[in-house]
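Letters A, B and C mark the chains as written, and numbering starts fresh at 1 in each.
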Amino acid sequence: MGLVLLIIIWLITLISAYFFIAKTWWLPVGASAAAAGIDHYFTVTFILMGIVFVAAQGILGFFAWRYRDRGSSSVAHYSHGNNRLEIAWTVLTFILFVGLNLMSSSIWASERFRPAQAGAVQVEVTGMQFQWYFRYPGPDGKFGATKPELIDPSGGGEGAVGLDATDPAAKDDLVTGTMYLPVGREAEVILRAHDVIHSFFVPAMRFKQDAVPGLAIHMHFTPISTGDYELACAELCGLGHYKMHGILKVVSQQEFEAWLAARETEKQ
Amino acid sequence: MATGEFAAHEAHAHAAPQGFIRKWVFSLDHKVIGLQYYFLALTAVFVGMFLSLLMRIHLIWPSVSLPLFGEIKPEAYLSLLTMHGTIMVFFVLTTAPQGGFGNYFLPIQIGAADMAFPVINMLSFWVTFLAYIVMLSAFFVTGGAPLHGWTGYPPLSALPSAGPGEGLGADLWVISIALFCIGALMSALNFITTTLDMRARGMSLMRMPLTCWAWFITAIFFVPLVTVNGQLAGHKGGSPLLWQHLFWFFGHPEVYIAILPAMGLCSQLVSVFSRKPIFGYKAMVYAMLSIGIMGFMVWGHHMFMSGMSPYSGFAFSVMTMAIGVPSAIKTFNWLGTLWGGKIRLSSPMLFAIGFVSLFVSGGISGPFLAQPVLDIPLHDTYFVTGHFHLIMGVASIFAATYYWFPKMFGRLMNESLARWHFWFSLVGTYAIFMPMHYLGMAGHPRRYSQLTEVGFLHNLLPLQKFITYVAFITIAGQFIFLFNLFWSMKFGKKASDNPWEATTLEWTTATPPPHDNFAGRTPVIHHGPYEYSVPGEPRDYVMQTDPLTVAVR
Amino acid sequence: MTILTSAANSSHDGLQQLEMRLRRARLGLGVGVLGIVMVFVSFTSAYIVRQGLPTLDPRTNTLVRDWFPLPLPALLFFNTGLLLISSVTMELARRQVARFTTPTRAASIPNVFAGREGTILWLALTAVLGLSFLKGQWTVWREMQASGFYVASSPTSSFVYLLTGTHGVHLLGGIFALLAAGATVLFRRRAESRVVVLDVTAWYWHFMTLLWVYILCLLEFAR
């Protein structure tokens, strides 16, 4: 029985570890400036925790077999513990865990403790059951005012965010259902939600942030590869949560400006 | 047969009851109440498993029409997951180890004749039962059960218009939780008073079995927890982030202290079945205390992505990593107990070892989620779901059942069936929840009723299918347990008073224990609870009541 | 504290039993009280945090503080006086039962009714004062509504209703406990039961008074 237990525990451990190491199902390729740092840190944690995982399970399985009751020949070793050992592994665990934490804090700080740089592309991302809307401030660089009482999804993008047409700054605001960003430039996203909490999740950008009604949350990331990246909602928002997705298209600066211009002309 | 010392004892406050109602329905006997809680949890776990099965079916076959149910619509899926989570957390995880086994065995293990307040004990069960009925009734009212997840974040949970079930269903859900909290508070009152005031002579706090410590610490932390949780349930409104803070301030300790009885039990079993004292008894006590206390300081780790200040995020993350330390200490101590032991792999021990394995696996994924930076890709994905299901400690409830069954019912459960149950459960649990980590890393968000719409989920469908198939098999395996449980009550091999040759007080008394637990005699304690394989002793175990012969600690 | 004067013929066993039951009952009450304290600790922290939390004003698109202090009606202070007096009457009831009851191992002597009427009187007075307090609180709520402050009118008013309402609900529970205590005094034969029930009820009541004073101070001074 002990041998079977050892084998099964070791098999489970090895099979699990295999799929982690082989990266059969893994994070998508990183496409933002922050991704490299996050992925590197992920790998460090993964290796350290992986070693602990394999070691702990290995020892567990081994002990279950090695110290099995073999009849009168085996005698248990009477002991209430070992204080020195206790202190040793407590300190080591503490160093490992808190050390890992401190290592990651610099990345967290660079992502979250500083605001977006001046000159970042501004996009306001609004989550609403069950659609994402993206608003660009237009040539004047200012977002027009919005009013909750003007929200009307049937009135197209502008209606959906409740754009106040009387505000002069609102005239050149663009609202689209697809997000466009220029590659290599920092993007400032301002997250809002109209009805319930949503979460703006772009896996390839290693970006996730809740959009909360009543708050306008400023975040930033920098896409570094062109391409189409799917985004999804990552906070339960109701019946359509599973289909609240969109596309982020990262294009060159020229294409981005051309797209913006084309959208502006469409508005006139 | 008990050979230890027993003192003369004052008449038990209430004589043994007559009549079916007094004896089995409104019983004041903690043993009956413990069984009532246990069977409540048993029905709840099968309800919860059934709900999860429906969820699994819908995920991989969204448009299939089931007999009797018809098609599972998206709103139904969300109701299923809300109720699955709520029922499992409240009526299984919190009820079975604490209300069930705690009620039955705490008084006996400390040498008391009953709990401090038997009437309150009886009421606590019936209030919990009422809470359960109210919760289940949400399925049957207009609109059905709520669909906001067990976490109930507003505004989704506050808007009746958010979906069917958010009207009356959500109200019933809230009322049920408030009732549950009242029942839990009454129960905690009993546990604390009993542990502090009713220990037999010689049973110092540091000679209590670790199970008693676990029940005691859990009860202590339940007091601030459930009173505020219950109040919270009654007061909705305010900013969404405020709700999250308040909910997780109490929701997080809730699940941490739900694991404490499981850990106490694991310590007990690992010691008994290794024939060795637990490695580092004091460290185990302090570790449980630390987990309880620190559990109140980590709630923000559910909110890294919520819009909370990133500085707070950093603070919570440090605390969360710190709480990993006492958990790790406990694991090392379990391994240390196994080392050099004389391990008997009976069914309770199989499940105890299974618990350690699952706890390690679930614990290892914790440090990933505890770092805000790594939480960015992993928050609200299946990685979290895999993490908490592995770490939950259900194996411990099975272990406790196989262990204490002979004391409660006078017969042993069938060992062969138990082994089948064990392999189904261990392998099945890993096969279901380990792949969820892969899904999470690939970006699969939680609470999606189907994978059909989002492009990057399409190639994860095969893995989801695998999980569903394994879930079917694993749940089927649980019926082996159910059959074994009821069959053995009548036909199991008769058990002696101490079939496992354990040292704690419940094994000194008759099987099942008499109404006042010790037949009019109070035990007098001379030893700690883990005196196994003491050199110089004739047997490889020394009961806590055995007279002092060889000098032991 | 000594609450018993042992008469010449009280048995040592009975006294021990009573002490044990008192200790246990007080311990149990202590745990419950701790729970209620935690509720108000969380309310306090929510109250303080909420004072500083800005919300998004959709018209100006800026974050503004929306907290402003509420003037407290004078009736609240009068109600406080009522509650304080009720604690005195409650304590009188508690001490009376302890004084006139000698613990005996057998059932209490049926003809010795001395002191029970007095205790009932004090209990009744406490209940009346408690109910008056609650009626007074209700009147305060009506006054607030008349001035336009409903539960959801502003964050401040929400908290005033929350704090006073939660306290009121628990006090109502205390009044039910008073009724049960009264019934115990009248009908329970075992002397120790009367002492224990009155003791627990009294301490709960005093806690309610103290809690109210705390709430009043919080609302008055932590604006």
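Here is the rule we go by: contacts are C-beta pairs under 8 Å (C-beta built on N, C-alpha and C of every residue); 3 or more make two chains touch, one makes a residue touch a chain.
Because the structure is a prediction, the values reported are computed rather than measured.
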Chain at maximum distance from chain C, centres defined as averaged CA atoms: A
Chain pair that, of all pairs, has the most C-beta pairs in contact: A-B
Intercentroid distance (Cα basis), chain C paired with chain B, Å: 35
Rounded Å distance, chain A centre to chain C centre (Cα mean): 49
Between chain A and chain B, centroid-to-centroid distance (C-alpha), Å: 31
Where chain B touches two or more other chains at once, by residue number: 239
Where chain C touches two or more other chains, by residue: 55
Sequence positions of chain A contacting 2 or more other chains: 214-215
Touching residues on chain A, where the partner in the complex is chain B: 1-2, 5, 8-9, 12, 16, 19-20, 24-28, 38, 41-42, 45-46, 49, 52-53, 56-57, 59-60, 63-64, 67-69, 74-83, 85-86, 89-90, 93-94, 97-98, 100-101, 104-105, 107-109, 111-113, 191, 195-197, 199, 201, 203, 206-210, 212-215, 217, 230, 232-243, 245
Partner chain B, residues of chain C touching it in the complex: 17, 20, 23-24, 27-28, 31-32, 34-36, 38-39, 41-43, 46, 49-50, 53, 55, 152, 155, 158, 162, 166
Residues on chain B engaged by chain C in the complex (per definition of touch): 10, 116-117, 120, 185, 188-190, 192-193, 196-198, 223-224, 226-228, 231-232, 235, 237-239, 242, 246, 249
Residue numbers on chain B that touch chain A, as the complex places them: 74-75, 78, 147-149, 153-156, 159, 162-163, 239-241, 274-281, 283, 305-307, 310-311, 313-314, 317-318, 321-322, 324-325, 328-329, 331-333, 335-336, 338-345, 350, 353, 356-357, 360-361, 364-365, 367-368, 370-374, 376-377, 379-381, 423, 426-427, 430, 434-435, 437-439, 441-443, 445-456, 460, 463, 530, 532-535, 540, 553
